[in-house]
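Next come two complexes, and both contain chain A; in the first it sits with chain B, in the second with chain C.
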Partner chain A sequence: MARALIRRVVFGLIAVAGVVVLAFLLEFVVPGDPAKAIAPRAQSPAVLASIRAQLHLNQPLIVQFAGYFGNLLRGNLGTSYIQRQSVASLIGPRLLTTGVLALAGVVAEVIIGGALGILATLYGRVRALISAVNLTLLAIPIFVLGLLLLLVFGFQLSIAPVTGGAGPAQLVLPALTLGLIGAPWYAQIVADQMQDSLASSYVRTAVSKGLSDSYILRRHVLRNVLSPAITMVGLDLGSYLSGVVTVEVVFIWPGIGLLAVNSLHNLDRPIVMGTVIIGAVAVVFFNLVADVLRMFVDPRTREEM
Partner chain B sequence: MTPGQSEQAPALEIADLNVRYGPVHAVRDTCLTVGAGQVVALIGETGSGKSSLALAAARLLPRSAAVTGQVAIAGKEVSGLGGSEFRRVRASLLGCIAQDAMAALNPVVPVGRQIGELFAVHAGMSRPQAAEAAVAALAQVEIRHPAAVARLYPHQLSGGMRQRVMIAMAMALAPPLIVADEPTTALDVSTQAEILALIGELRARMRSGFLWITHDMGVVAELADWAAVMYAGRIVEQGPVDVIFDAPAHPYTEGLLATRRDLRSGAPGAPLFQIPGSPPGPGEEPPGCPFAPRCPRATAICNEVDPSLEPAVGEGGAGLAGGAGSMNGHRVACHHPAADAVGAWAAPAGPAEKPAAKTGDNLGTAGTVAL
Partner chain C sequence: MPAVTAPGRRAPWTRDPAAAAGQRPARRRWPWQLVAGVAVLVAFAGLAIAAPLFGTPVHQDLVHGLSPTGVPVGPSSKYPLGTDLLGRSELVRLVYGIRVSLLVAVVSNATSIVIGSAVGLLAGYFRGPVEQLLMRFTDVGLALPYTLAGLVIAAVMSAGLTRVIVIITVLFWSYPARLVYGEVLRLRKRGFVEAGEAMGASGLTIVRRHLAPHVTSMMIAYSPLNAASAVAFEATLSYLSAGINPPTASLGNMISDGQVAISYAPLLVIAPGLAIMGLTLAFLLVGEGVKAFNPDLRRLSWLGR
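For the complex of A and B:
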């Protein structure tokens, strides 16, 4: 099992390296001259040239990449073009802020989605209503839902702050947005899995043992629902940590997503690269965590690993 | 009449049982008794209603099934009990052994706990006590290192071990009745023999009666005291196993046995015996005997009147109903039951030579008996 874990880590690192290469190449596809972004007022080509020379932008692509990758291997993400600070020191606090939002969002979607899925399975009467809710949530673009919530709870009812920031009061609406957008997926997984489980031979065995419905649900059915849900939580945490861009922009939540968007505008390549790499690492890491967790919940996956 | 010879109440008494799935009448007016400590084999093709009958007796059919009739287990009338009332007593009245133990055990719960919850819920034991009792139950079914096995998950066990776990679970509370649905079908031959030996031994020790669904005539011969043959939702013949084997009265039973005889003693390469045609599908049952379209002995009355289950006339005896043959409980639903050991299928009969008038349009299509 340890060997399997090590293999996964190695594959994960290879995936991250691949992302680094792709992101680096993409940077150069984005039109624009970082030197002009750094010194917008400088008219003299000599000044711009010296900026480019300073940032090694005049060197061949492969040399630039080798330099960047070498630094990366030493744990150095580089320095922001604009803010003249290390990328790590800029991303660090943002990572924490985004982490809080990602976690709150995942908790919200698990609770909302899980409840919808369980209700839809157990109570036939609300099933149609719940699938209508699911469809609606799936159809709404995330920024529309975010703006809608902001409009209703922020501006109309004035019970949520509209100014942005990273406080607990400001967390509610973006987390709810993530929760509502993600909920249908969890509802679907939970309902499917529960229906399979309820129709299974082992539930019939449990019935034949004279166990009560609620006991069977708790001890036999829900345990079998857990495993796929954990996989999805891992995927969500990873992808949210790479920046929930839309939600952060709508709610002015000062996380990685907002930083990445601003840096893209400024052609601040080191920061963009930094956020991409953090995102890739987060996805790999949380998938791994989810796999390990699943081994505890579903013993069959222990042999698969 | 009743197969149970002891003074004890029979393990299972079914009377006038009907099972319907919407318009499909899966089990029709069926009566069956499993004597205390007796093994009754329920034989029939897929779709004959044998599983529906057994699941109805165990009250494990889905809610979409409409069940009528009386079911008594160990003398206790259970068909009138409400859902939660029955739930409380069911595990001490009957245990179930499924065909596919891998599917019938929860994949994410250790097997010891799956057995132990029976003791925890029904015998009021604490968790550690229940775990201990589960280990003892595993030891009962001759599992080596039961304490270690109790901590394993179903996928970590072999097929035979899983079936032993199922048996331990079914017999945990020593119920008077065990409903076993082809418990050895999924196993290889040597494991099958081990499991059969184990069940034979446990049965002698625990005095549980078995309702044993099977299509393996070898298993029937080895283990069963009594055999009931089902066709198209009816029991068409039942009686002591040796009588059924030696002097089957229903042409369908004869056909089943002929298939088995071919398997055992037929010349290599010779075609296996098959009952021509196939059972009536839902909604296409003839008004008379459901077997008439496939039957070599069918006459006009067979196509008009559905025969009821009557005492069979004994071997060679031309007596009236209630004669010597009925004393052993042998009953058959046929207008022309075999009166001698020469079976209906003894002479090779091609479809063209069949003496009886045929109504079925599946005449001549040599459907395989799915046995």
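For the complex of A and C:
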């Protein structure tokens, strides 16, 4: 098991390194001159050339990449071109803001999705309705749902703030958006797993032993749902932490997604690189954490890894 | 508390009663989801093909298309969905937007599935260094933070259909690759691969003649889901000005243009939003219908967010 774990960590690191190389190459071919973005009114080529020299932009690609990668290994993400601050100090607080939203979103989707899945399994009459709801929610792109919620609760009913920001009142709608978008996945997992265990021989045994329905549900059925749900939470935390770009743009939530979009427009390469790398690390890391947690909850998965 | 029973399931050891009695099993009917989904898609395709009959999407009507104060006009017999902020018919733009969405869905679905299946088949059959190289590359693809990566690639290319299709292909091939790879590993354990090798068939022949047909049904079931996420992702990219840019109409950029008017002309967000939902829902229904044919594919899930 330990060897399998090490294997996974190594594969994860390779994937992150691949993302770094890819992002660096892409960033480099982005048209536009960062020196011009920094000093838009500078006329003389000498000024632009000196800015480029300062940022090491005049060196060959491979030298620049070696420099960047070396700094990265030492935990240094570089300095923002425009804001003259270290990328880490810019991303740090933004990551926290995004983290709050990601966590709230995951909590919302687990609650909504779990409720839908349990209801659909236990009460046959609402099953068709719930699968219709699931399918509809799956079909809405995240920014469309965000705008619709903003329209209804912000503009029509005036019970939610329509100005951006990172306060608790501003958290409700974006978290609800993430919750509704993610809910069908959890509903599906919960319903599938519950149906499987309800059809299983161990539940039949439990029924014939005379155990109560609620005890069987708690002890034998819902426990089995936990393992795939944990994997799903891991996937979601990872992908949300890499910046829920569209939600942050719609609700002007000042997280790393919004930072990345703005920096891309400003040609602020170090920040864009930083956010992409942090996103990849988050995805890989939370997948790993979810797999490890799963091994503790569900002994059957221990051999698979 | 409702009784704990398996809903709508026969225990695996019982046989179909009709078959057991020596009768022909009941004729299988087309799943309603498939029928409904295909019908809606055909309707959308009809609109897309007939788009030029509706008018030109860039025609600005400054006399009747805007109110005296310059605000878009609401629905009328001349403009069934009203006009946008520049006095252009919203309906005509909508139809042209649907055209773009369908085109992107069909083309990028095909490219990403073909590339993904090829990678999965080759990695699964040839093992060794080929497998390592291809699958580590797939890991990189899976670790990419979707929206951010899309934005970075978008910055490198000029706006238009090609850009959207390239971005979606680059981001979407890795998941089918993973699915096919897993399936091929399972297939290898069955005798026919060994039998083929014993008969002296070359590796590529075995992949083409013996393995590819086995993963086809899985990829057919996956492709409507893939197309649904392609529609949603195209809209997202265009919404973030990283896909198709105005004046070309796309459902995503219509929403981003219209959202500033959300408080007084909500139709500019709602109409394209509903069109995206309708398209995605239709593809998802087709996916559900295909899955209803083959219960083994029941767990196949949608990828995009």
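In this text, the second predicted complex is superposed on the first by the 298 of 305 C-alpha atoms of A that agree within 3 Å, B and C clash if a C-alpha of one lies under 4 Å from a C-alpha of the other, contacts with A are read in each partner's own complex, and residues count from 1 in each chain.
The rule is short, and it goes like this: contacts are C-beta pairs under 8 Å (C-beta built on N, C-alpha and C of every residue); 3 or more make two chains touch, one makes a residue touch a chain.
Since this is a predicted model, take the numbers as computed values, not measurements.
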**OP:** Identify the partner contact of A:19: answer first if only chain B is touched, second if only chain C is, both if each is, neither if none is.
**Re:** second
**OP:** For A:208, select first, second, both or neither according to whether it touches chain B, chain C, the two together, or no partner.
**Re:** first
Original post:
Counting only touches as set out at the top, which of chain B and chain C does A:298 meet: first, second, both, neither?
Top reply: first
**OP:** Check the contacts made with chain A and report whether chain B or chain C touches more of its residues.
**Re:** C
Original post:
Taking the contacts chain A makes with chain B in one complex and with chain C in the other, which residues are shared?
Top reply: 207
**OP:** Using the touch rule from the top, collect the residues of chain B that touch chain A in their complex.
**Re:** 58, 60, 84, 87-91, 94-96, 98, 100, 103-109, 117-118, 121-122, 153, 155-156, 166, 169
Original post:
Inside the complex, what are the residues of chain A that reach chain C?
Top reply: 11-12, 14-16, 18-19, 22-23, 26-27, 29-31, 121-124, 127, 135-136, 138-144, 147-148, 150-151, 155, 181, 185, 188, 192, 195, 198-199, 203, 207, 213-214, 216-217, 221, 239, 242-243, 245-246, 249, 257, 260-261, 264, 272, 275-276, 279-280, 282-284
Original post:
In the complex formed with chain A, which residues of chain C make contact?
Top reply: 1-7, 9, 11, 136-137, 139-140, 142-149, 151-153, 155-156, 228, 232, 235-236, 239-240, 255, 259, 262-263, 266, 269-270, 273, 276-277, 280-281, 284-285, 288, 298-299, 301-302, 305
Original post:
Hey, which residues of chain A end up touching chain B in the complex?
Top reply: 200-202, 204-212, 215, 219-220, 223-224, 227, 297-300, 303
